[in-house]
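The structure appears right after this line, and notes come after that.
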Amino acid sequence: SPRYSNEIYKTANMPGVTVGLAWTYVGGDILFIETVLSEGKGELLLTGNLGNVMKESATTAYTYLQANAKKLNIDPTMFGKKNPHIHVPEGAVPKDGPSAGVTMLTSLASAFTGRRVKPYLAMTGEITLRGQVLPVGGIKEKVLAAKRAGLKEILMCAQNEKDVREIDGDFIKGLQFHYVKTMQQVLEIALV
Amino acid sequence: SPRYSNEIYKTANMPGVTVGLAWTYVGGDILFIETVLSEGKGELLLTGNLGNVMKESATTAYTYLQANAKKLNIDPTMFGKKNPHIHVPEGAVPKDGPSAGVTMLTSLASAFTGRRVKPYLAMTGEITLRGQVLPVGGIKEKVLAAKRAGLKEILMCAQNEKDVREIDGDFIKGLQFHYVKTMQQVLEIALV
Amino acid sequence: SPRYSNEIYKTANMPGVTVGLAWTYVGGDILFIETVLSEGKGELLLTGNLGNVMKESATTAYTYLQANAKKLNIDPTMFGKKNPHIHVPEGAVPKDGPSAGVTMLTSLASAFTGRRVKPYLAMTGEITLRGQVLPVGGIKEKVLAAKRAGLKEILMCAQNEKDVREIDGDFIKGLQFHYVKTMQQVLEIALV
Amino acid sequence: SPRYSNEIYKTANMPGVTVGLAWTYVGGDILFIETVLSEGKGELLLTGNLGNVMKESATTAYTYLQANAKKLNIDPTMFGKKNPHIHVPEGAVPKDGPSAGVTMLTSLASAFTGRRVKPYLAMTGEITLRGQVLPVGGIKEKVLAAKRAGLKEILMCAQNEKDVREIDGDFIKGLQFHYVKTMQQVLEIALV
Amino acid sequence: SPRYSNEIYKTANMPGVTVGLAWTYVGGDILFIETVLSEGKGELLLTGNLGNVMKESATTAYTYLQANAKKLNIDPTMFGKKNPHIHVPEGAVPKDGPSAGVTMLTSLASAFTGRRVKPYLAMTGEITLRGQVLPVGGIKEKVLAAKRAGLKEILMCAQNEKDVREIDGDFIKGLQFHYVKTMQQVLEIALV
Amino acid sequence: SPRYSNEIYKTANMPGVTVGLAWTYVGGDILFIETVLSEGKGELLLTGNLGNVMKESATTAYTYLQANAKKLNIDPTMFGKKNPHIHVPEGAVPKDGPSAGVTMLTSLASAFTGRRVKPYLAMTGEITLRGQVLPVGGIKEKVLAAKRAGLKEILMCAQNEKDVREIDGDFIKGLQFHYVKTMQQVLEIALV
C-alpha cells in the first residue's frame, strides 16, 4: 500500500508542509519538507541532517521570498518578526544537493502565506535567486518513487520533460505532470 | 536488581526528566533526558556528548513546543525569558540519532508546563516539526533494556508495533505498550 | 541550439544578473551570477557552492563598490540598509577561483544602481581592490563555451588578448571582444 | 613527600579551588580546579586544555548552580554580573571525560558563595542536571593517587563503593570515604 | 619588459597600495598589497587567499597603527568609523608567512593618512607590535624578482644586509637599498 | 655577540615587553612577548602563530590580572575600555605550551600598569588562576639560550631549582636565578 496514504495526507494537510523527491544511492524516495514560523528576528533555522548545498538552497529560497513578498501577498514586516524553521524528517539519513529548491521555496511560501499546498503533489527542481527553475538529475527514479508512494501529480523543470518521455508509459499511467520554468508558475500550481 | 529502582524514581520524579531508550553497539539501553530552565533569552543549551542529529532533534522539539504553546497551556512569553538546558547524562558515551525526539520534546514540555512525567514510562521515536511521530530502529533491543531496568510502560510510533510483535511474548510479559502517531498523543500519555 | 537563448535572455534581463565564464575540468562553461537586495544592514550573503577564493572575490567586489559609490551614482546609505545576496546557480557544481571577480562586481553594481547588464555579454577576469582587472586562465575554453551558448560579446583583461589571438579564427567568427584594464571600463561597457 | 603538602594547602586555601581525581594512561593523578569570578555578563570561560566532554560538565554544573541558587544562598543577580572562569592547571596535559563534574560544581559553588572547600578533600564523579552524582571509572587508580598526594578524605558516588571495597585495605589505611547520591550531599560535605 | 611598468605604476599611484616581495617555491615574486577604507566600526577585513600567519601580520600592523596614531598624524576617531580592507591580488595563489608585515603596515598607514607610497619601492620584513623590523628569508630571490619587475628601491631589515652582500653585484646594479630597524624608519622612507 | 644586545634592549625598554624562554626541537630559545593596549571593550587579541594551550595561558593570565587589579594598582575600569593585544614575534615559528604563562602575565601587567620590565631578565613558568607558578620542562636548554643571548637574570618556579642544579656550573657563571612560587613574587621582581 502506498506510503502517502490518506492518513499521512491528513497530517500533511497544514500550511508549510510540501512533498519533495530525492534521488539516493538506493533509488528515488519522497521526502517531506516542513516549515514552521516561531517568534524571532528573521533568522532561518535548518534541521534534518542537511548538507551545505541543501542549506544554501534554503537560504536562496528565503531571499527570493523576501524579494518577492509583495507579489505573493506576504506582509514584509513578518520577516523581522518570525524565525522560519525548515525541517526535513528522517534525521538518520544525510541529505544534500540543490534539487529540493522548489520544495523549500514552496514550503516557505506556504508557511508565510498560510495557504496549504495541493495534496498528492510532489516536486523537484533547483531554483535561482531570480526565480528560475533549473533541471535536476534522477528524474526516472524520483517519478517511480512518487508513484509508489501514491502521489498523483509531479512538478518539475520544463528541461526535464525529455527525461520523463524516456520512462516506459506503463509505469507512469495515471500520473499528471507539470513542467515549469519559473517559481511563479510553481506557486500558482502548488498553493491552493 | 533493575536499574530504574524506586530510589532512582524518586530523584527522577521532578519536572523536566524523561526516560528514553537508546540502541547502542552493545545492545539497548535506557537514558535519562533532563531539562532545566535558567534565566536567559530563549537560547537552547545542549550537553551530554550529543551528535549533530540528536542536537537537531532537540532544536526541532523546541520549535514545535513554541509553535504549539497555547495548546499546551504554556505562557509564550516564557520563551523570551528562559534558557532551556537539555542534558543527557553519561557524558563518556557519545550519543546520536533521531530516536530521542519524543523524549526531548516530552522533557521540554514537562519543564515548561511544570507537569511531571508519568513514572516507569520509557519512550522512543523520531519527531517531525508538524508533530508526527516516526518509527525508529532497534525496537527489540530497546524493549528488553526497558524491561531489565524495571520500567513498566513503553511508548513508540504505531509503525513500530510490528517490531514489538516479533519479540517472544515471554520477554515482554507485564510491559504495557502505547502506540502513537502524533506528539499530542505522546504528551497526553506522558504528562501527569 | 545555444543555451543562452532568447528565452533565457528574457529571465536574465533584470538588474543584478550577469553572465560569467568558468573553466572546469570538462572544459569551459557559462555561469550566471545573480544579485538580489533584501532588507538588512549591509551583510553580504553568498550561495551556490562557492569556494573560499570565489567568496573573497565577492567580498573584494563589495568593498570596491562601497569605496566607489559616488562615481557610480549609488546612494551610500543603501549599504547600511540592504543585504546583497549573490547566488551562482547549479549548486551541484563546486565553484572556485578568482576569475569571477569582474562578473561579481558587475552583478553587484547592476543590483545597486538598478541598471541592467548588456544582453549577450559574457565576462571573465580577476579584480583588485583598487579596480584593476587582472588576466585569468582558460581563455580558449571559456570563449568557445560563450560561443556555444549563443553569447555575442566577451569582456576580459587586456593582458588576455594574446590568448584570444591563439584561437583559430573560424571558431570565434561573429564574436566581439572587449579588452579592459580597469573596473571602470568594465562597468561602462556592461551596464546599459 | 606528598605533593598536597602543607605549603600547597596554603595556596589552595581560597574560595573556588577544589581537588579532583583524574585517571590517565599513566595511572591516577590529582588535579586542581580553580574558579575565579571577573566582571562580565554571566559567560562561562574554560581553560586548561579541556576536551568537549569536560567542557560540557562545566556547563552542566553552571546551569545546576543557577537553577539551585536559592537553596545555596547565592544572590541570583550575580549570574548577570560575573563571568566565572574555570581553569585546570598543567596545560600541557589534555584533559577530558565527565568525572570532574562534582569537582567543577564544588569549585563554582565555592566561588559564588565565598565559602572555602574543606582541606585535604578530593572528589570524583559525574553530575546530572537534576543534581545526581553518577559513578565513574578508575576508582582504584584515583584513590591511590589521592593517598600518594597526602589527601585525607575522598568523596565519590555511592555506586562506586564496590570499587573501593576491591582495593587492598593496607593501601587505603587512614583515608576517610564519603559516598553520596546527590550534589546537595556533596556541597554539605565539601563547603566549610 | 618589466612588469612594474609605467602603466601599472599609474594605477598603483593611489594611497593604500604598496609593493611587497614574496618568496615562493618557484622563486621570488612581487605582490601588491591594497588597502581601502569603507564605512564601518573598525573591523579589519582580509582577502587574497591568505594563510593564518599572514593574517596575523595584518592584525599586528593594525594594532601598531592604532597605538601610534598620534605620531603618524592619524585622527584616532577614524578607527571607530572605518573598516580597513586589505586585499592581496592573485587570489589563485595561497600566500602565507610573516614577511609581508612591513608592507601591510605601510599600506594601512598610507590608507589612513592619505599619503601615497613612494613609487618604484618594494619592501619585505616581519614586524613586531612594538614597531621593530625583523629579518626574513629568501632575500636573494626577492631582490632578483624586484629587479625583473623594474622596481628601483628595496627596503628591508638591517639584519638582512648580509644577505644582499652575498648577491653578485652585477645582478643588483642600479638598485638602491634601505636597511631599517624600526617601522618609524620604514614609514619615513615609504610615505611621500 | 649575544642577540639581546644593548641595541635590542633599547627597543625592548618600553612597557608591555617581556623576555620569555622557549624549548624547541632545536634547543632553547628566547622569545619576546609584547603587549599593546588599544581602544576597545576588553577583548584579548592574540597573534604570533600560537597554539591553543599557549592561547589559554594568555586567557588565564588576563583573568588573573582582572581579579587582582586592586593589588596591582590597576584601575579596573581600564578592562572595559582597552583591548590588550599580545604578540609573540617570529610568526614563521609555531609556538605552544603552557610555559609562557609567567611571561604573558608579566607583559600584560606591565602594559596595564605602565611599569617597565627589568632589563636583562628572562622568565619561564606555567601559571594557575589562583596565582601559583608551576614548574616546566626544558630548563637546561632554556638557561643556555638565555646565556647565549646576553641575558643576566632568570626567573622560574622553585620546583625547577633542582633542574638548574644539574647544569654544569661553568655554563651558568654570572647568571642570577630567581626561584618563585607565586605570581605576586614574579611581579615584585620583574616590574621596575
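Letters A, B, C, D, E and F mark the chains in the order given here, with residues in each chain numbered from 1 onward.
Heads up, the rule we're going with is that contacts are C-beta pairs under 8 Å (C-beta built on N, C-alpha and C of every residue); 3 or more make two chains touch, one makes a residue touch a chain.
Keep in mind it's a predicted model, so treat the numbers as computed, not measured.
Because subunit A and subunit B share one sequence, their contact can be compared position by position; here under half of the interface residue numbers appear on both sides. Farthest from subunit A in terms of Cα centroid separation is F. To fit its Cα atoms onto subunit F, subunit C must turn through 120 degrees, a value rounded to the nearest 5.
Averaging Cα atoms per chain gives one point for each, and the point farthest from that of subunit D is the centre of C. Centre-to-centre, using mean CA coordinates, subunit A is 52 Å away from subunit E.
Separation between the centroids of subunit B and subunit E, computed from CA atoms only, is 60 Å.
Touching two or more other chains at once is no residue of subunit C.
In terms of which chains touch, the assembly is arranged as a closed ring, every chain touching its two neighbours and no others. Starting at subunit B and proceeding toward subunit D, the closed ring of contacting chains reads B, D, F, E, C, A.
Listing the residues of subunit E that touch subunit F in their complex gives 52-53, 56-57, 59-60, 63-64, 66-67, 76, 79-80, 97-98, 101, 126, 128-132, 134, 137, 181-182. Residues 7, 11-12, 14, 16-17, 32, 34-39, 45, 47-49, 85, 87, 89-92 of subunit B are the ones touching subunit D in the complex.
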